[in-house]
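There are structures below to look over.
What follows is chain A paired twice: with chain B in the first complex and chain C in the second.
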Partner chain A sequence: MTAAALRVAMLAVLLALVIRPHWFEPVFAPLAPAGGPVIYDRASLLSLSLNHLGLVLAASVTATLVAVGLAVLVTRPAGAAFRPLARSVANMGQTFPPVAVLALAVPSLGFGSGPTLVALFLYGLLPILENAITGLTNLPRATMEAARGIGLSRGQRLMRVEIPLALPVILTGIRLSVVIALGTATIGSTVAARTLGEVIIAGLLTSNTALVLQGGLIVGLFAVLIHDAMLQIETRLLRGGRI
Partner chain B sequence: MIEIIGLTKTYDSVKAVDDVTLTVESGTITVIVGTSGSGKTTLLRMVNRLEEPTSGEVRINGASTQAVAPHILRRRIGYVIQGNGLFPHHTVARNIAAVPNLLNWPRDRIAARVDELLDLFSLDPDQYRDRYPADLSGGQQQRVGVARALASRPDLMLMDEPFGALDPIIRARAQDDLRRIQRKLGSTILLVTHDMEEAIRLADRIAVMDGGRLVQYDAPARIIAHPATGFVADMVGDVERPLRLLSLIPVSEVVTDGSADGAAISAEASLRDALSACLWTGRTAVPVERDGVRIGQVTLDAIRARAEFRA
Partner chain C sequence: MRVPWHRAFSAPGVLFAGLGFAALLAPFMTIAANRIVAGDGIRAWDMAPDYATWPGLAAVLVGLLLGLPERLALVRLGGAVQGLCGLVLLLSIGGPALLEGAGTNARVSPALGFWCLLGIFLLLVADALVRMAPGPPARAGLLALAVGALAAVLGSGVLSDLSVLQEYASRREAFLAAAWRHLGLAFGSLALAAVIGFPLGILCHRAANLRAATLPVLSFLQTIPSLAMFGLMIPVLSWVGRTVPGAEAAGIAGIGFAPAFLALVLYALLPIVGNTVAGLAATPPAAREAARGMGMTPGQRLWRVELPLGLPVILTGLRIVLVQNIGLAVIAGLIGGGGFGTFVFQGLNQTATDLILLGALPTVALALTAALFMDILVDLTRPAQEARHD
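And then the complex of A and B:
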């Protein structure tokens, strides 16, 4: 009950911050420098938020498709030899600092959303890939043996048994990846992607704590609420299917 | 009729199964017995091509198993393994319906078949249909596993240590259930176990495997009375032989007129049960009843006569 109340309260604050930021002027005013803006006014916070979420969504969907596809390939007998390779490539994507990915991507992709998408995609790959490989390799032996023994083809075993049984672990990887992407997307504003990072960077450049706090608060609330929502979906799926 | 002809499986240079030939008559239970490493499971898995034979052939009702793709072949052959291997994310009904679904049976025919099988295994359909395997006891899961294997009325059912994970009391009940259902449906079953007791209890014919070779293939009574090799004799166990022989003979075969005192024994019980009843209550004869009506008695002398070694 209290969890639900907290959720509603956080959602209300978030919506108000994004749609009616001026309501919070008295709260942020003491933090703004004299003469500086109290509320970010060079773009609407709503459009920045939608853009931010759109980037994260696009990168996460692509990362999920690629990572799950790759995990399926390297857990087949024919692709097993590529498992170490796929793992180390995904690991490399994770070791690269996001700023470095952005810097390297700008010359070829230009400024804006392009390099940010690439960075988010590379960052999102590893958790999903690792979890999908773990899920697809730790299936109950007797169940897999029976699936083969009663006459399911390879494709049917994958779609009807392996993926459903590995789904909880895969979903955990996706959730992790989305939360990482929500935070990382702010850095995209250094190469002119239109994300909530813009607000934070503007605040940092003008020593305006009010703006830094606004941007940070909105990103943080999004991350917490989306994480929570995905967790709810996972548990509901589990309860429905008893996986 | 299942014909296994010169079946051999070689791993590296080790022969796991070495030139095994045997024929299983339709409507019978054949039990393959052996120690671990004897090749019994490999032999079974070659029948539905979970392992491909190095050489040799299997024919089911005259048709070679090599004639169709493995997964199509397997849909015609029931398969039960130790620990049942049910799909944990599917309900009991969906588990049982797995093969009929693969065969695209119409929905109402599948539903009717599921209920029929649940009834057959004494699981109330209304109560169990929509449950998940995790909600069932080990014995119930095992029954659902067998029901799944029977669902599409397969030509043949393969069972690999199907009762291995059950405790002794549940196991005995599961064995009785299997025998009852097999008689009722006339199924052909090939079952693998390491337990000679189980083999004697279930089999019409027993195949004893040792080191990849088939060392004896015979009716249980002959395996007990005339073991072909020292290994078979060891598997049967010298001390237990008379008792195992008695366990094969129903009381109804030696029932005589007379009215002994005390608690009665069922005509379907074995002479081993009758002997046990005699010894435990110090009687020299026990009354026999069928469907609650006393039909005579069985005497200790009659039991003794059947337990003696007859060359």
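And then the complex of A and C:
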């Protein structure tokens, strides 16, 4: 009950911060330097939020499709030779710091949303790939035997048995990936992507704590609420008895 | 026994050989008039006259071909190492040759072809090592060799013509200061988080209601994007600096080291506490019963049974934190906290690619080394029968 109330309250604050930022003027005013803006006014917070979420959504959807596709490929007999390699790439690749991936994308792709999208995609791929490989390799042997026994073809086994069984682990990977993407997209504004990080960076550059706090709150609330929503979906799916 | 011909080849080896030959056709180095403008790409064999690049090219080509035999993982490893040597040789010959008569401000850097081949050979090394499955001591030796070889190549000066190393040469002291600061942020915050996190984890293991209250809060903190977290620390710490007596004198202020350090500590708590709880809870019930039957006190059970058995899981938590901290410490560069991030963000502001690389490459190398080192440590603490189950 209290958790639900907290969620609603956080969502309400978030929406108000994004859609009606001027309501918070009295709250942030003491933190702004004399003469500096109290509320970020160089772009609408709503458009920055939509842009931010759009980047994350685009990158995460592509990363999910590619990662699950690759995981399916390396867990088939034909691609089995690549499985150890895919595993170590997924494992070691995640040690690359997101900021470094972002910064390294700039020399080849220039500034803007392009390098951010590529960095988000590449970096988001790895947790999903790792989890999908784990999920698709650790299937209960008895179930797989039964699926083969009732005459399901390879394709049917994949779609009706393997993927549904691996789904919880894959979803966990997607959740991790989305949370990382939300954070990395924030840093994307240092390479001139139009995301909510812009507000924080503007605050840092002009020593305007009001803006830093504002941007930080919005990004933080988005991340926490999205993470929570995805966690809810996972537990529903698990509890739903379909799996 | 005869092996069918298509089974004799390693599938990743074939793929990498194909990609490697393609990458050789891409520009291997670029030469630019100064450090800001974009350069012209030059292919490996056009970099120097009089066949000077041939030994390096041969080493790369043969290295790619040695990656092919499926059964001979050691040959594949050797081939990949030889290929890496070939890449260094090509850079060391191409650099001076391209700079000759190109003007005092001219800069040479590795280009797409080099980076692709580097990635390919590193993946070949990884693939061969996975097949050979060396134990922790052998891996530690290999890691030390790799770090030593990298230090030797960088220290010998054969690559000093490269643009990124010229950036280094012109700010050697700033680089060393940034390196120390980066390490201080990453390891210092790890130490403080461990001092807080281990006792907290042990308490959480004992008391279910504390656990239920603590872990969600920590995972909530972990979810907050890094830039927001670093930013949110600023008002908090500038308030502390202003109001708590003596805090300002101790260097606690809104920007700089303190907010970055605190943000890293907060991020580090979840993996440490969470893995301590998981590690302690993973003690097999039989072992716990036996300890109780022997009349051990709860304290003795903790120190002699639960902690040793949970050590691999706890160390895995430390690995996560260390790698994460090394990466996140880059953000400190944005709030005046120093570290390699300073160069990254300076480079982004000046669109000076080499300055970005000067900050990003050491960070990546440091994170990779830390991950490999901690993996070895985790495997060493794992009971023998479990160690090879992957």
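We take it that the second predicted complex is superposed on the first by the 237 of 243 C-alpha atoms of A that agree within 3 Å, B and C clash if a C-alpha of one lies under 4 Å from a C-alpha of the other, contacts with A are read in each partner's own complex, and residues count from 1 in each chain.
Just so we're on the same page, a residue touches a chain if its C-beta (ideal position, glycine included) is under 8 Å from a C-beta of that chain, and two chains touch if they have at least 3 such contacts.
Note that the structure is predicted; figures quoted are calculated from it, not measured.
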Simultaneous placement of chain C and chain B on chain A, clash or fit: fit
Which superposed partner A:23 touches (first chain B, second chain C, both, neither): neither
Partner contacting more residues of chain A (chain B vs chain C): C
Touched partner set for A:209, first chain B, second chain C, both or neither: second
Chain B and chain C, minimum CA distance [Å, superposed model]: 11
Residue numbers on chain C that touch chain A, as the complex places them: 10-12, 15, 112, 123, 126-127, 130-131, 220, 223-229, 231-232, 234-235, 238, 254-255, 323, 326-328, 330-331, 334-335, 341, 344-345, 347-348, 351, 353, 356-357, 359-360, 363-364, 367-368, 370-371
Interface residues, chain A side, partner chain B - complex: 140, 142-153, 156, 161, 164-165, 241-243
Contact footprint of chain C on chain A as seen in their complex: 31, 81-82, 84-85, 87-89, 92, 94-100, 103-104, 106-108, 111, 179, 182-183, 186-187, 190-191, 197, 200-201, 203-204, 207, 209, 212-213, 215-217, 219-220, 223-224, 227
Sites on chain B touched by chain A in the complex: 48, 50, 71-75, 78-79, 81-89, 98-99, 102, 132, 134, 145, 148-149, 158
